[in-house]
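First subunit A sits with subunit B, and in the next complex the same chain sits with subunit C.
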Partner chain A sequence: MDIFIQQILNGLSIASVITLIAIGVTLIFGLTGIINFAHGEFLMIGGIVTWLAVSAGLGFPLAVVLAILAVGLMGYILERGLFRFTLERPTNGFIVSLGLIVVLQHVVVLFWNPNQKSIPRPLTTVWDVGGVRIASVRVMVILITIAVVALSFRMITASRYGRALRASVEDRDTAALMGIPVRRYITGVFVLGSALAGLGGALLIALFPITPFTGGTMVMKGFAVALIGGLGNIYGAVAAGLILGIVEGFSAGYGFSQWTDAYSFALMILVLIVRPHGLFGGTSGPRMAS
Partner chain B sequence: MKEDRRADLFESLRSLLPVLVILALIALVPLFSPSNRFLSLAISAGINVIALYGLSVLFGQTGILSMGHAALVGVGAYAAAILARDFGIGFWLALPAAALASAVFAMIVGIPSLRVGGHHFVIMTFAFGQLLAIVLTNGGDYTGAATGLDIAGPVTLFGADMTDLTRYYLMVVAFVTVAAVASWAIIHSSYGRTLRAIRENEKLAASLGINVGRHKIGAFVVSGIFAGISGVLLAYFLGHISPSQFSSFPSIYLALMVMIGGARLIEGPLAGGILVAFLPEVLNLDPVQSRIVYGVCLIAVIMLLPDGLIGGIVRALRAAFSGKPKQETEDCDAAEVRQ
Partner chain C sequence: MKTVLKMGASLALCLGALAHPAFAEDNIVKIGVVAAESGSFVSAGHTLPAGVGLAVKQINDAGGFKVGGKTYKLEMVKRDDRTDISTAIAATQELVRDVKVQAIFGSETHDFTLAMAKITQPAKIIHFAGNSTLAKILNADSVKPGGEDHYLFQSEPQEFQRSGSTARGVLSLLEPLLGFKPKKSVMIVGNDATGQFLSSYYYKALKAEGQDVPDIIFYPPDTTDFSPFLTRAKSLNPDIIHFWYNGDSTLTALPQALELGAAKSYFLFGVDPGIWKEKQLSADVPVAMSCVPVCWGESSNPKAKAYFDAYFAAGAPHGVTSSVSLLYHDYVHFLVEAWQKADSFDPDKTVDALLTLHHKGVVSDDLTFNPTHQVTHATEVCAAAPGGAISCAMQQPPAEAPKS
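For the complex of A and B:
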């Protein structure tokens, strides 16, 4: 039972990071149709920025803010400089993101070598609750994610910007006709998604050491979660993130750890075969003249 | 009518000619006694080019992109290694067997993946590729786990030992030629036209009675055959294969090569494979720098020359010769423009 609770906690903390990626992925896809595989690299850069900041003697909270700002800015530059030109042909946007993966990874390798990077745990306390050892850093990751996700929900469901955003995801052209500046929302979503990935990277490096190649597996899990939940569906992404995190936690706890990475892919393939629009229903991307 | 046909055939043969001439020149390279390093690079480039010709049928003609193509190459390579180890089957018999294995794997991946439609197909192939790498890594002694498998077997042709670098090089050039001709034959057959109809307008193609789903899977299976053969050549060339050679990044590089070369032209895969293999040598870059250059090239090609490098050059030449480019044919397949 102790192991059970501990594994759920471990699973949930990883699920938090994956959910942060999945929200960005799902929003960007829902609005632009672009499958941005480089999102995992955004996360990795967030981790690297955190590592640099902490190594330079800054505190962890400040490093997190820096990571969010830096990756958000990167998202803005890339959207303005590259992705904006691929809106008419989302497949090209996808290919550009593949190029970005290669470039971003190797730029990081070039400057900061390919080895693992880690920071001292920002919180070292381990609570002992009735024999269950709970690492406070994991609780911190889960709580920050819950707060950020709740805030995003609030923004998307209650504010008029959120309503306009959802209208644009539903039908870009009609939304534009209603006077919603869809292009600006696309930029906004790229920045928001990137900032969330930056936060995810900062949280990830608080949990595990990262390498310049961490982004690859993480983005696949983010995509798996986004697809399982239904692309464009934020609620679905969060729910699917929880499912995946718990499944991975269990399998690691009960001796199948070498298969952990396989679950997300297998689960995704299964869900797509049975329910191509995800468990919770999503959009199939913006309708556009193909 | 018959005259037209013959003129068509002549025209399409003319499009094959440049590739054959280039390949003939490439086959003459050993006369200049190149270094072993050059030959090894050229052999790996050639092995990639074979897989790229399959990928060009899939992406260039049918318009669907596979991001797990290295996995198909891997199936071929592992099939060759396992057949050699467990059944003592040599190179030549392994070729059809591995091609079959990759084709079957492509079908297993293709049926569910293509069912879920365009956007998701790319992700599905990527996921299957990752899954295969995980399965190979966890396969224990049968797949050699993370260290992979050794393959030790002489490759002989009419009693001559082909493992010598120069001979292997010539053999790979021959295989590339077969792949180029096969891909050309597919492009210029009615099957190729069917695939292009699907690429241009899936719904219209379906309304004409074309079984879109089956043809897409068919194109994927065909590309799998190319990949399987390339896998056998790779396994026997390297003598050792491991899961990491066939995971996600090799797949990205294959897609990158076909993009850089241009998927729709018969010269594209050849140019892409050679450029990507030799660019670091020519520019004297280390692997990290060269990968950055590839990435930048890929982005630049997509943003500036959506038809790939060769497609862009051909278009520029055509524009220079005919005064102004014809607007309607801009987006069309260059091979079709010629017809």
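For the complex of A and C:
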């Protein structure tokens, strides 16, 4: 039984990081229509900023804040400088993001070499409860994710900003006619999604080492979670993140371990066939007035 | 008709001349390196150009080498395969057909080398690769003159030798630190072509040493969260968890294993004690490490210190598997010695010389290739006690492969 509980706890912590990246993906694609496959590299940059800050002697909490700000700023610059020109042609944005993956990876390799980067664990306590090992750093990651998800959910569903945002998703042109600054909101969502990726990167490097190529795997899982949960649906992303984390943990623990990733993506394919809008319903991206 | 035949013959001669490796007028001999300088295999990959580059510098700084009364210097031409087999093939084609290298080193990624050999061998390019998968194709028929792989050389011992010496070394170093004879081992292995190939031999080596191995747990390449795999291993109550084979993945997995208390001791394949010390790693249980083939952070090999001092002084980073560079560095010197002995760059004469020479390298004072173009040498295994003290020993390989 202790092994079973341990596997559930294992799944929860990685599900947290995947959920953070999935929320970024789901917000950006679901609400703005930008398909940013470089979102995983945003997460990687968040990890690198954290590594640089901690290596420079700063504490982990300050490093996390710097990672959020740096990746948020990077998101702002890239949205204003690149992605805004692709809003009418999402395919172009997709291709731009593929190019961005290579550029960001190689910028990091150029300045900080391709080797693994890690930081000392910010929390080192491990509790042993009935044979189940609970690492405090994993608990920290789970709690931060819960707080951020709750905040994002409230902002999207209950705030004036969130209502305007959802109106933009329903009909971008009509929302603009009603006085909603749609372009500015798109920038805001892109920056928010980027900042969440920065936080995800900071939390990821607290758990595991990263390399300049870490983003690729994570963004695939992020997209899988966003699609399973329903694009644009934060609640769906959280639920799907949990499902994926638990599926991964159990498949590695009890199934054919080498197929761990395959189980996750098979689940995604199954959900997309049975429920094309995800388990919890999504937006399918913004709609234009015809 | 005769004119057409003459033109055809002339064209064929011209093309033949173009296809054969050529020398620049300033007596520079080009040697190619194909290695993963980016992508998931980068940790081992970047050691190839570093090791070959150091050997090239050493040879050129010593004034070059004489063949046929002329003095030649070496030039290394490297290509990044990005841990992508298509890129490795394209890079090999470019080095062979356009750059016209005399020899190729790499790739370290096992299945890539097999594909690269399909290009280097028909072109009669001397090809060195430090991976044991070559045993699949190197046999008496394939390496004979006119055979498919006559110009291909394996600069790493056969896998039963490497696995055998490693398993024996790990068990003998961990036993006194554990205070009892370990009986049960679980292997955790990267699920790629290299991992599958290597683990099959290591499993047999452990069984040959009397170990009970109830499970080999494969993880997808690029895994960072090892906790589900480690929890599965923990459920088997092992004396030793053997992380095999990717050093970077192993370093990611070990802290998680220690947190989970997954085993009574661990073995980290391809992790140098230098990294253990540099990263200030520690464990409350014994941890064994092995290098491919000689460690840089702590070594019982007397030549290792001078080599690694020069290697790192040349700008190579301290890596988990920096020692992989030795599977290439020594063979640049070996190749030059062969050219000098043959007094020719003719590939057939070079192969003959390579097969008769006894080269004094860093790895061993007596490096030789057997009739199927494979080397034999010891592997270094180290162990860190819970207090932090590290001891190392060179482990000689078994003479024969385990029966089952």
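Here, the second predicted complex is superposed on the first by the 285 of 290 C-alpha atoms of A that agree within 3 Å, B and C clash if a C-alpha of one lies under 4 Å from a C-alpha of the other, contacts with A are read in each partner's own complex, and residues count from 1 in each chain.
One rule holds for everything that comes next: a contact is a pair of C-beta atoms (placed from the backbone, for glycine too) under 8 Å apart; a residue touches a chain by one contact, two chains touch by 3 or more.
The structure displayed is predicted, hence computed values, not measured ones.
> Putting subunit B and subunit C on the same copy of subunit A, do they fit or clash?
clash
> What is the contact status of A:109 with respect to subunit B (first) and subunit C (second): first, second, both, or neither?
Touch partners of A:109: subunit B and subunit C.
> One more residue to check, A:6. First (subunit B), second (subunit C), both or neither?
Second partner only.
> Would you sort A:101 into first (subunit B), second (subunit C), both or neither based on which partner it touches?
In the superposition, A:101 contacts subunit B only.
> Quick one: classify A:127 as touching subunit B (first), subunit C (second), both or neither.
neither
> Looking at A:14, would you say it contacts subunit B, subunit C, both, or neither? Reply first, second, both or neither.
A:14: touches subunit C, not subunit B.
> Touching A:35, do we find subunit B (first), subunit C (second), both, or neither?
first
> Under the stated touch criterion, which partner chain does A:261 make contact with: subunit B (first), subunit C (second), both, or neither?
The answer is both, since A:261 touches subunit B and subunit C.
> Mind sorting out which residues of subunit A both subunit B and subunit C touch, each in its own complex?
105-106, 109, 216, 258-259, 261
> Taking the touch rule as given, give the residues of subunit A at its contact with subunit B in the complex, in rising order.
Its residues touching subunit B are 29, 33, 35, 82, 85-86, 89-92, 94-96, 98-103, 105-107, 109-110, 216, 220, 223-224, 227, 231, 258-259, 261-262, 265-266, 268-269, 272-273, 276, 284-285.
> Would you mind writing out the residues of subunit A in touch with subunit C in their complex?
Touch residues, subunit A against subunit C: 3, 6-7, 10-11, 13-14, 105-106, 109, 113-116, 118, 121, 126, 128, 133, 135, 204, 207-214, 216-217, 248-254, 257-261.
> Given the complex with subunit A, which residues does subunit C contribute to the contact?
By the definition above, subunit C touches subunit A via 37-40, 42-43, 46, 191, 217-220, 222-225, 227-229, 231-232, 234-235, 248, 251-252, 255-256, 259-261, 279, 317, 319.
> In the complex formed with subunit A, which residues of subunit B make contact?
Interface residues on subunit B, with respect to subunit A: 65, 67, 112, 115-117, 119-120, 122-124, 126-128, 130-131, 134-135, 137-138, 248-249, 252, 255-256, 259, 288-289, 291-292, 294-299, 302-303, 306.
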